[in-house]
Structure formats: structure tokens, C-alpha cells
Amino acid sequence: MTNSQNNSSVVDPRGPKPRKIMSRRNIILYGTLLVVAIYYLIPLYVMIVTSLKGMPEIRLGNIFSPPVEVTFEPWIKAWAQACTGLNCDGLSRGFWNSVKITIPSVFVSIAIASINGYALANWRFKGANLFFTILIFGAFIPYQIMIYPLVILLRDLGIYTKLPGLILIHSIFGMPILTLLFRNYFTTIPEELFKAARVDGAKFWGIYFRVMMPMSLPIFVVAIIMQVTGIWNDFLFGVIYTKPDTYPMTVQLNNIVNSVQGVKEYNVNMAATLLTGLVPLTVYFVSGKLFVKGITAGAVKG
Amino acid sequence: MFNKVQLERFFVGSVMLAFVSLVLSIVGIKSQLFQNIQYLLLFISSVIVLLIGIQSKSINFFSNRLQKQILGWLISAICSAAIWAFAQKGIQSIFPAIMGYRKAWNTLEPFALYATVVFIMFALMLIIIGARDTKIDRPGYIERFLVYNLSSKIAAMPMIFTSIGIFIIATLWTIYHSFTNSRMLPKSDFIGLGQYERLWSSDRWYMSIENLAIYGVCSLIFSLFIGFMLAALLDQKTRFENTFRTIFLYPFALSFIVTGLVWQWILNPDYGVEKIIRSLGFDSFVFNPLYNADIVIYGILAAGLWQGTGFIMCLMLAGLRGVDQEIWKATRIDGIPMWKTYIQVVIPMMRPVFVTTLVIIAAGIIKVYDLVVAQTSGGPGISSEVPAKYVYDYMFSAQNLGQGFAASTMMLVSVLIVLIPFAYLEFGRRKYD
Amino acid sequence: MNSIEINNLSLNFGDVKVLKDLNLSVNKGEFLVLLGASGCGKSTLLNCIAGLLEINDGQIYINNQNVTWFEPSERGIGMVFQSYALYPQMSVKGNLSFSLKNAKLSKDEIEKRVKHASEILQIESLLDRKPAALSGGQRQRVAIGRALVRDVEVFLFDEPLSNLDAKLRTELRVEIKRLHQKLDNTMIYVTHDQIEAMTLADRIAIMRDGLIQQLDTPKIIYSNPVNKYVAGFIGSPGMNFLKGKILQDGKPIFKLEGGWCESPDLSNYKFQETIKVEKEVWLGIRPESVVVGGEAENMPVNFNLEIEVFEPMGADTLVWSQIGGQEFRFMVDVNTSINVGGTLTVGFDPAHASIFDLESEERL
């Protein structure tokens, strides 16, 4: 690799081998990475600069040029005034809907899945693995095939197009991957600990709340990160199981940007897009390694 | 005639079967046959309860060692009876508060009535069994079913309900109705393969399939290749590894809608890349993938790759880190060049990672929907349609449910074609555990 | 009175039969050690007694009560695990009181019991620490304490000392023995360390493939093993087995396969039943019961052997040699001068040997 034969042949080699910083390998390596990184960053950059420009400036300049005159008008408009159909109260409604959907869905889906995973890891009963296998298969089945029967179910239960309905849907479709995540985690907790707790007289729920849960906080955090981003970003279920009043942010964003009426205000659109992406991006940048751990653990161990 | 163990087995079996047939009949496969089977099975189980009861010598509830469980089942019976009662008009008029959920009560009514009967029967069984001779070596069948690990079984109810009640039954329901002439509402008049014939003679469906194929093959190849290359580059004890990884992965945190909209903007011919290049002096430069029917799918592909490759890179990086680090030392001593080590040693060792990644990408591809909706809405014309969108449009806009069901069944079939060999390869060899 | 009685216990994991029709009874206040090779089902048996595994057949009585269908916590047992299994998020005090809280004891009672147990085990000063802040020995003390506070009839230990280093192991071993003498509970102790078994046990049960081979006092198991497996398993270095025949020549004599100038007279060996015909056997001689030099001359059997290899082990030296092509080991005092290729006069008393049938490997 780094070869310093030529200049060191005169001196007696001693101590650490000198390394060339500008070796060919390093130039190729970091050069490639840099170019790719720029490619990955461009859309974010474009979103930000566009959302800070006024419409005249957009028409004249190009999308990459930084704003000459920074304006926050588009952001305010996107949040409070942008129109979808007849409603002109901006993305704020979608935002609050998404909050109202995400928080309970995350809570319910993780509660259910962690208990499922715990039952599967520590209290296996006959047939449990069959259900689990079906559940995992369910993660790969296209949702489209289950959509309509669920519409009927929700309609029969009287929660179609209402928030509880969507929460139920997120809990159902989040279950496979979360159950897998928790099951795999709980099986790594030494079995003797579980046995000791049983000898100490703790029962199913006692062991779950007093022994397992306090030991598994990291995996709960991972699950929360996965679910918050997943549910926030969902579009399909939002568009099917809600109505304009209860549309989550993604659906509303799409409706604002892709609505055919009126003049296209690209800066407002980009501000709206950024606003929608802000929550998962924040989660992503704050959680860092845990996010990576979550997505790889959920996937690789399958 | 029969011994106790056999009787108990029959009891549990018939109760379970009765329940399954109830579920099937409620989910829509409404036929007199199922109703009759339910009553028959319930009748059989009550006869068995009687038979076992006759065989037991004494029944004393207060010395019963299964008291707690019996009480539990009786309470469950009361609860489900209450649900049944809430569905009754008379009771609803007495308690107006429960009227708000009338639909829910009505849906649950048949289940509730049935569950009440079954729970009471369970309680009866346990009363009989708990009072009988405990000197036998092993708890009987019913006891194992109803008492052992009961909390776990109850806690797993959501999973059981989801796996059977939703994943299996909903899938079967849709498949079944894809053979009907359902339009605005699901109907059960069987018309054979009519929907499929219509599906396969539709241009739009062909376009969807073709797009999915192009998108699928390209995104498989590119995301695996790019993902692996990036992972390999980051695995060179690279400085700023974390920064680079953060940059490559952030699009994955964004939704497809956001992704689609950004790329729609960047690829916009009036303001985006095309305009910039033209303003540099190349006046005839054309780059408007989203407005050109022939290449629109590649415009979507670009956005899709931007969003997902970081994730593939992460999986690959995890795989590379899982490779025994001694390998690198060994190949360095043997003087094998790095690229050769990757191709001949590391990649074969990472086979399982590649397989799982492949399945994950494949499962993601078939679901591709939001991206298209945000970026092109299927346009121009129908040139960027995908199957998932076809299904949605037919089910919820075109009021042609049958077409939607048939298309979604086709989607399922194509997933199974990918999934079954995988499941066979991966889980067939090592037992799933 | 029996503290534990196990009748016809069977346990399968799927198709694998781990325990087969096992019977065992343990007296009140007895210290029973389960000894056996890895994977023979010791932990499984212990878990069955504790109620942590659902058995396939048989009955378990603890204190004359049929506990076969009882929950672990209802059986009046305390259990100590190899990996300590302390709850990491609870303090030592929390660990000790967890079971008592589950049993809904009063605060005062809990306090009292925790104090009592921590005094016995000398862990009073550690009560507020988390398990992560304890040494291995301290952790194991806490684990024992967790069984102690429950005030149970029976203690179950699953290799409690095997995660500790040699010195701590000896210390805690003595402490467990002291504890047993003080409390007088019934204890079942799983180990595969012979020294632990020999020093602690009132009786030892040697297990193999889910069956108990021999259940007896350490002394009898050492001197009168019921079969070749037990004989080979107990004692370190292991017993010498010489293959040969017993001939009836007025008195029973042993003829080594492969030829040997000696043909030891076995008439003072206590056969279970007299042997009439010629029989193929193993003659088992413990290395420790072989004597060397002047003493050897006084033994009923003595002969000369060439030294092949020797291993000094401190107080003694283990000498490897051969008789008629079969391996033979024995111990000599460290002061005996030996060198490879030299010869030694050795002798033994057939009365202290063990003879096993070649085929069934049962003691004759």
C-alpha cells in the first residue's frame, strides 16, 4: 500500500513507517466518497435554498444558486396558508394529525410487539412458532392484498377514516418487524435470569415489567426510532384510512404540491416538503447510531 | 368407549374448529354450511363435557385447585356476554352512552355470543377436571390448553389475531373476491377468471408490470452494487466514516413523498438540471426524464436509489464488519490484492447478508407506490404506472374492486415467486429458530 | 423422612429423551451432589425439580407433597445459578427482596430476612450496590442470599462455583459446607468438579445420559464403583483398566491380554457372586493404590515396570508405564528418584481393585 521504499533506502528504517497522505489510494478513496456525498447532499441543499427564495428569484436564477435575498415567507405560507382543495390552513393541520397518529401508534404497536416478542422468547407455547412464521411472512406480503378487507373491518367497527382506525392499522402492520426485533433481543437475555425470576415467584407480567423491561431500554429506544420515522413517513395507509380532515402530513403535503389548481409556488412547496421531512430528519440526526442499529437489526437478523 | 385423554382432545379440537368456521363465516364466506358446522361442533363439545362430567365422581367447586382459572373464564364469559348485550336494541336504548359505538358492538355481536358459550364451556371443563383425581402423572389435554402458560397465550392474542385474522384471512378474502364481479361493493357472484382476463388485456397493467420490472431489476443491481462499493470504501479504516455514513443514510429517514417531490423539483425542465446546463451554453440540451414517457421510470429510479442505497450500504457494512478480521491479516501476509480478497473471499462469506438484502430490496420494490404518486402521479399519461398504484386506483377511485383484487393477487403471486425459494433455501436448511 | 422424591421422571426435548424414567429420593437435611459429564442432564433434572421445565411423565414430591404441577415459586425451593442470574438493574437489596415482595410479605419481615441473610453471608456492606459493581465471589454470595431469604426447605445449586477462579472456589466451597451445617436444609448441588463433589456431598449421584448410575456416599463410590463408567469418572488421575480374563484355577486368577509374567491371585477380592467359568474382564486399579519400592514387596502382587514418561505434580509424581502393551499409571512420592527408561518395583492389593465385566462393564 503506502510505499516509502525510495526515500528510506538511504536511512536505516526506524520507528513508524512514514505515510503519504496524498497517496493515490487516498485520493481515489476520499475523492469518490466526496463526490458521492455531494450527490447525496444536493437535494437537501436545493430544498433549503429554494425554500428561502422568493418566486421571482426562482424564475430568474437556477435551483442551485444560493438565495440573494433570504425570505421566510414561503415557510410561513407552507405552515399556515397553503391550500389543498378548499382548505387553506396550510400544513399545520397535517402536522398535528400526524402527531396525533404517530404518538399513540408508536406506543400501542411497541407495547403489543414487545409483549409478543417476550411471549415468543420466554413463554413459548405449542403453535407459537407457527403464528410467528405467518407473522413474518406477512411482512413480505404486499399490503395491497390486505387493504380492502381492513377497510371493511374498520368500517364495521365504525372507525374507518378516524384516527383510532389508522392507529390500529399501524399497530397491525408494524407488528411483524417489531415482534422480530423484540423476540431476538429477549432471547439474548440469559435464560437463567428468567428462571431465577420464576423461582422468586414473579409471574408473566411481573417478569416482563420488573425484570425484562428495565433491562431492555436500548431496544425500546431503537423501536421507538423505527416506528416514529416509519409512521410519520407513511403515505399509503394515511391516504386510504383517513379523510381530508384527518390526513397525516405526508398526504397533505402531496396534495398541496401536486394540486393542479393555481400558480405553482415552488418555494412554498419546498418549504412544505422540508417541514414534513423535519421530524424524521431530527430523529435521525439526534439518534445517530441507534437509528442505524435499529434498521440493521430489524433487517439482518430476519 | 373413549378414554379421558381422547375425549379431552376431541373437545379442544371441536371448539377450535367451531371457532375457525365461525371466523370464516363472519369474514364473508357466508354459507349455511359453516353455520351448521358450528352448531354441530358446539353440540359435540357439549356432549363431551357431559361425558367427562359423568365420569367424574365428585364435583366440588370450593376444593377445586383450578378455582382462579375457572373464575377467569367465567369473568371472560360475562364480559363477552356484555358485549353481546350492548348490541341489543333494548339495552342500547337504556344506556344511550354505548350507542356511539353501535357499529362496533354489532360487528362483535356474533363473536361475543359465541365466545360466551365457549368460555362457559371452558369453565365447566375446568370445574370437572380440577375436581378429579390428581394422582395421574400428567395434566390432561384441556388443562394444558387452558391453564398452562395461559398469560402467554393471552398476551399473544394480538399476534394470533393479526397473523390468522388479518394476514391469512384478509389475503384469502381478497383472493376469493378477485374471482367475483365486485364493483363498488364486494359481491360474491363468482365469475371465474374474468377479472384476470381484463387485467391482462389492459395496457395500463402491462405498463405497470414493465415499469416494475425495469425499476426492480435496475434498483436491485444498482443498489446492491453501489451499496456494496460504498460500504467497502467506508470499511478501509476511513477517516470521517461516521460523517460519510450519516450523509449517505439521511435520505432513508425521509419519506418517499418528500423524496419524490424533491426530485420532481430537481428534474423540472424549466428550472432544474436542464435549465442549468442550457444556461451554460448548450442550448439544445434535453434532460427532462419526468416528461418523457420513454425514460420517466429512470427518473423515478434515480430518486429511489437516492433514498434507499444508504440503507443497503448500512446492511453491507454490518456484513463486512461481521467478516472475521483475521481474514484481512491472513490475506495481507499471503500478499493477495485487496480487490481479489473482496471478490474471492469476502463476498462469498457474506452470502447470507446478500440474500437477506436481496429479499428486503425485492419486498420494497413491489410496494413502490408513494414515490410514483409524488413524483409523476403515473404520468405522463400512464407511462410511469406501477402495480401498487393500479390496485389503489381501481379500488378507491375507479370503483372497480374486482380489478383491484385481481391486480393485488397478482402482486402477491409475484412476491411468493421470490419469497418461496428464499424461504426454502434459508429456513429449509436450518430450522427456524 | 424424604425431603425430595422423584418417581419415574421422564423429560424429552422434542424427540430427544434427556431423562429416562429416573428415580431418586433425597433425605431431609442431606447434601446430595449430582455429578456427571457435560450434557448428561444434570441441569435438566434440577430444572425439573424446580418446576422450570414441564415434565413429560412421572411425579415429584417435595416434603411429601406432590408438587408435580406446582409453579416454581410454590415448591419451597431456592435456586442458585452458575451465571449468578442477578437482576442487573436492582441493587443487592432489591435482588434479595424481590421474591419476598412477590410473596407480598410485610416490609418489616422483608427487612428482617434480608438483614439475617446478609449477615450470614457477610454482604451487609454491599446492600446498596448494583450487581455490576460486585466481584464474582460477592455476586455468588448474593445469589445464595436470594435463596436464603426465602426460607425454603430445599436448595438447588447449578454449578454455582464454576465461574469463579480456583482460589475463590475453594473459599466458597467451604462456606457452602458451613452454611449447610448451620441451616440443615436439603441441598442438591450440580457440579462436574469431583473435588467439590467429594468434599461437600453426603451422597453423590453419578449421572450418565439421563440415568443415575450410582447413588452412594463419596467413600463407597470411590472404593466400590458399580460399573466401569463410574470407576473411570471418579478419581484423578483416572483408574487404570487392564483388559484380560479371569481363570478358575482352584482360585480365581487374572490373566492379562497380551501376556504378563504375573497372574495375580484374586481370592481376597470380594466378588458380588462367585465366578465359575472363564470370563473376560477389566481389572481396575487406582493409581493412588499402587505402591512403590520397599512397600511394594509386601503387596500380594508386585513386579517391575519401566518408566516411560513422568509428570511431577507437586507432592506426587505421576508415572506412565505399560504392562503387556496396556497403559498403566501410578503415583510416586516426589522424593523417589526416577528417570525415563529406569525401572521401579510396584505392587498393589487385588482386594482394593475393582473388576468389571468386559461387555456389560458392571462390577463383578
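Points worth noting:
We call the chains A, B and C, going by the order they appear; numbering starts again at 1 in every chain.
In this text, a contact is a pair of C-beta atoms (placed from the backbone, for glycine too) under 8 Å apart; a residue touches a chain by one contact, two chains touch by 3 or more.
These numbers come from a predicted model, not from an experiment.
When C-beta pairs in contact are tallied for each pair of chains, A-B comes out on top. Averaging Cα coordinates per chain and for the whole protein, the chain whose average falls nearest the overall one is B. In this assembly, A is the chain whose CA centroid lies farthest from the centroid of chain C.
Chain A and chain B have centres, each the mean of its CA atoms, that are 18 Å apart. Between chain A and chain C, the centres computed from C-alpha atoms are 56 Å apart. Averaged C-alpha coordinates give centres for chain B and chain C that are 53 Å from one another.
In chain B, the residues touching two or more other chains are 148. Contact residues of chain A toward chain B in the complex are 29-30, 32-33, 36-37, 39-44, 46-47, 50, 58-59, 62-64, 112, 115-116, 118-120, 123-125, 128-129, 131-135, 137-150, 152-153, 155-159, 171-172, 175, 179, 203-205, 229, 232-236, 239-240, 250, 253-254, 257-258, 266, 269-270, 273, 276-277, 280-281, 283-285, 288, 291-292, 295-296, 299-300, 302. If you check the complex, the residues on chain C that touch chain A are 47, 50-52, 71-73, 77-79, 81-83, 85-89, 98-99, 102-103, 143, 146, 150. By the touch criterion given at the top, residues 27-28, 101-104, 106-107, 148-149, 151-153, 155-156, 158-160, 162-164, 166-171, 173-175, 177, 186, 230, 233-234, 236, 238, 242, 244-259, 261-266, 268, 271-272, 275-276, 279, 306, 310-311, 314-315, 318-319, 353, 356-357, 359-360, 363, 366-367, 369-370, 373-374, 377, 387-388, 391-392, 395-396, 401, 404-405, 407-409, 411-412, 415, 419, 423, 432-433 of chain B touch chain A in their complex. Contact residues on chain A toward chain C in their complex (touch as defined above): 190, 192-193, 195-202, 206, 210-211, 214-215.
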